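Naming follows writing order (A, B, C and D), and every chain is counted from residue 1.
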Amino acid sequence: MSKLISLKKAISDYVNDGDVVYAAGFTHLIPFAAGHEIIRQGKRNLILARATPDLIYDQMVAAGCAKKVIFSYMGNPGVGSLRIVRTAIEKGELEWEEYSHFGMITRLQAGASGLPFLPMNQTGATDLEKVNPKIKRIPDPYGGKDVIVVPALNPDVAIVHVQRADKNGNAHLWGIIGEQKEAAFAAKKVILTAEEIVAESVIRADPNRTMIPGIVVSAVCHVPFASHPSYSQGYFDRDNEFYLAWDKISESQESVQEYLDEWVYGVKDRNAYWKKLGQKVHKRLSIKPRYSEKISYGKY
Amino acid sequence: MSKLISLKKAISDYVNDGDVVYAAGFTHLIPFAAGHEIIRQGKRNLILARATPDLIYDQMVAAGCAKKVIFSYMGNPGVGSLRIVRTAIEKGELEWEEYSHFGMITRLQAGASGLPFLPMNQTGATDLEKVNPKIKRIPDPYGGKDVIVVPALNPDVAIVHVQRADKNGNAHLWGIIGEQKEAAFAAKKVILTAEEIVAESVIRADPNRTMIPGIVVSAVCHVPFASHPSYSQGYFDRDNEFYLAWDKISESQESVQEYLDEWVYGVKDRNAYWKKLGQKVHKRLSIKPRYSEKISYGKY
Amino acid sequence: MKDIKYSSAELMIINAARLLRDSDVVFVGVGQPNLACNLAKRTHAPNLVMIYEAGVIGAEPERLPLSIGDPTLVSGSLSVVSMYDIFSNYLQRGNVDVGFMGGAQIDKYGNINATVIGGYDHPKVRLPGSGGSQEIAAWANRCYIMTPHQKRRFPEKVEFMTSAGFIGGRGDRDAAGLRGRGMVGVVTDIGMMEPDESGEMILTALHPGKTVDEAKANTGWDLKVAGQIRVTELVSKKELKILREELDPTGIYLKSNA
Amino acid sequence: MKDIKYSSAELMIINAARLLRDSDVVFVGVGQPNLACNLAKRTHAPNLVMIYEAGVIGAEPERLPLSIGDPTLVSGSLSVVSMYDIFSNYLQRGNVDVGFMGGAQIDKYGNINATVIGGYDHPKVRLPGSGGSQEIAAWANRCYIMTPHQKRRFPEKVEFMTSAGFIGGRGDRDAAGLRGRGMVGVVTDIGMMEPDESGEMILTALHPGKTVDEAKANTGWDLKVAGQIRVTELVSKKELKILREELDPTGIYLKSNA
């Protein structure tokens, strides 16, 4: 029953040209390794959905993988503009569909719940509603103000990076948990990358920590450091220098191409990428442990 | 900023006659101590809401505290009928309002979210919809089947028992987490009882475990064993013998009155109740620890 | 083999267990359904994933759980989630293969009453109510029920429809747009009923030694019989041994209808 | 005191910090709002609860967070929840007292544009978009914004309303049924604007040494001035010391507009 395969095979088997892909995460656990593998395999016409598209979507758009983005905040987190996506939109070269954060996450929550839509209260700001026909308003059947509704989002594939999973895809994650759970339940297929593959007994020792159950997972891939230059809470730090560097790299097509050639096309997999980063970077990103207090579930 | 007070004071200050009370829990962490204190203080005309009213609501109804129950499954869990509530309904002495589990929990989730209502998919079983006018159906604005909607439930008071909390009400809970979080966010006031009051640093050592934040809590009460005869995962076992015994006790008004006289009116507080239970019961309910695997959040 | 003795409960549990497939995700109730699932897991379905409406996924109870929220279901399980999540992300989303139903009455179209006998507003017998069964019946891929074959339990039409089978016939279920296939098997102590093309429950199997007449006499509607009626496999020593020695050694759930 | 030197950023951050009350629950952004909140916490508001849209409650960052999802916000915080929970249970439910807004434009009625300059379909400058600001503006009890006082940042009417202030006047906000009180304070490097009874932002305070004429000249609408105009308290050595030595020792956010 093991779903443990290489990331290369997972992307090849479960991501098709034209798919709606949700590479989940809010700043934390961003699945860069999977994004790079998608670029290497030359997937095309993807619809890239995420509340917060960041550098990995910038890179995938730069590599020509995407025809559209669905988002609610498009930025280089903590740095500034997401130059490539932004320029592609300004030039009319990329389709986009836009929500507020709550609208975007509500779409996923509806998808995860198997509902056709979910409501939100009014915000008074109606301009997004005017430009996005998927955002509608309906009466409150209990006599209050009209509510805003958005339709379910059910991506073809969700890609989620986690701290630890067993070979069946039961996964513990902690720190900022953004919309990972919702993306996994909403999607038709789920590719999991994990810092560590652990025995099922480790998962079963703390079931309240399991946010994604194996029953919704298609593939489990052991990919340490898959989230670099983002981070994995408790494993390594965010590479802020790279986020700053990307602000420069993404200023010209040439430097972007050079980056992709060297760091994506030029490496076989994440292991090669991590080695290439070198010990100085490894050391800069290393962190000391800070442990949780244990709890007892009790023998019953 | 400490909200730590006695349970007696908490019930006196925050529970008023006529309130909608949600004493949360699905078999686990049922706040019996708070229910007994409500009985001792002679609160009247309460509307008792919970997906799964069990023995504590049976006792509160028997003691004359309630005028109505709102529920989705009324039973003595694992044993059978909830005799007192059932008889009161059959005799027309108690009002009731009824949902499916999902309907009941959806009402709370809407309440917790600050929404006027939430939708559910159709189930084909329409009889409950016919007898409960709060259950409505509305069109799917995206062209699918009509959906069923239920209105938000915002109890006046939620009572939640937790394994550990700090004095401000930030609480860790684990094991079956039922609808505790939703009840706490939905309610206007929250009374927390806790097996242990811990330093804030214990809570901060595992923030992903915190399901209820102090900012929504009105009172924190240190009440070990507050959930007996239900249980607290990792602390003690469910007293199944009592659940079986209640099936007999609740057969006659006399034996119920005797029970209340001895175990509720006859004891000052939960501490006295627990002592009165005696060492044999304590030993029968004691459990051996089974610890979670620790995680690291990392020093950043 | 013919001198193996078993109770009605054991007969039903063993036959229900056989309906489960390896890797099924099952929404389990306590009592007999729990025993059936654990028996299947210990025989032909080792990868069965047991889900409880209390929010527990992948339970591996070390002792016999005495309620649906027993702490033994939690310790060592794969995941524990909120009630809202279990009903939305698991059940409504379509992640549950099998649901086990309970109820006081089940009718000709597999509809279940677990709410009330007599009028709703002035009940003669007030039953526990839906709990999760309204949703399980609608959204699990396959639903089963185990119940002794008695006329009062099988009326032609339930007095209150707590959970939908095929409503007034299969077309009604399709019209409501329910994702699950509905009540696909009723296991009794006489045999088994399954829906025909119209959604009517018909007799499709008999346990060894039981007869069509017994089944008809104990059913509240004019029970049709399948063209090919199956006789269920004999209860095996192995199945009984697991039930009696490992799963319910004190016979809490096995003794009924002995 | 008059020889204390500070940057525009420091002036705005210190004045924003002063608007926070002890025990406020604040929805914090990174950068200047984060510094303002941490400054308030270290001075007059030790019980301030800082919430981040990444889902972190009660953060006590040990280093300067460089993004809204910095791991230092998580380690040692009171709680971490999903994005859906932070927007529904916290913000929409009304558990947030203060929201700090950002945006490229803010208009006469406190509405914010963080979406686009030029037409939406063919943008001249495509900005990041709403993120959480549409909801923060609607549902936090009090909203503040810090922004340099420049004409292009203060147009009479935003080109795209990402987040509502008072829309076309206070009546519009009431009609939409928004729970929060809206944009109650705009802190600039010249002074402060607050809404009058109609919801129009008017000049209510000046920083020491600044003038009404400066404010008017740098505002895109005909800026009204409050009857009683306040002069803000001088920036103190203590406030500057905390900012410079404890909170942003390398001056990442403090240096701007120096």
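We adopt the following convention: a residue touches a chain if its C-beta (ideal position, glycine included) is under 8 Å from a C-beta of that chain, and two chains touch if they have at least 3 such contacts.
These numbers come from a predicted model, not from an experiment.
Contact with both subunit B and subunit C is made by A.
With respect to subunit B, maximal separation of chain centres occurs for D (centres as means of Cα atoms). For this pair, subunit A with subunit C, the centres built from the Cα atoms lie 40 Å apart.
Per-chain CA centroids place subunit C at a distance of 58 Å from subunit D. One finds 29 Å separating the Cα centroids of subunit A and subunit D. Among the residues of subunit D, those in touch with two or more other chains are 56, 70-71, 74-76, 80, 88, 92, 139, 179.
Shown for subunit B are the residues in touch with two or more other chains, namely 114-115, 120-121, 144-145, 174-175, 177, 181, 205, 208, 233, 237, 290, 297-300. If you check each pair of chains against the touch rule, the ones that pass are A-B, A-C, A-D, B-C, B-D. Of all the residues in subunit A, the ones that touch subunit D in their complex are 26-28, 51-52, 71-75, 77-79, 81-82, 86, 89-90, 92, 98-103, 105-106, 108-109, 120-128, 131, 144-145, 174-179, 181-182, 231, 233, 237-238, 240, 243, 290. Those residues of subunit C that touch subunit A in the complex are listed here as 23, 25, 47, 49, 56-58, 60, 62-63, 70-72, 74-80, 88-89, 92-95, 139, 179. Every residue of subunit C that touches subunit B in the complex is listed here, in rising order: 30-31, 53-56, 65-71, 73-76, 80-84, 87-88, 91-92, 111, 115, 120-126, 128-135, 137-139, 160-164, 167, 172-173, 176-179. Residues of subunit B touching subunit D in their complex: 1, 112-115, 170, 181, 185, 200, 203-205, 207-208, 210-211, 213-216, 297-300. Residues 114-121, 136, 138-142, 144-145, 147, 149, 151, 163, 172, 174-175, 177, 202, 205-206, 208-209, 233-235, 237, 287-300 of subunit B touch subunit A in their complex.
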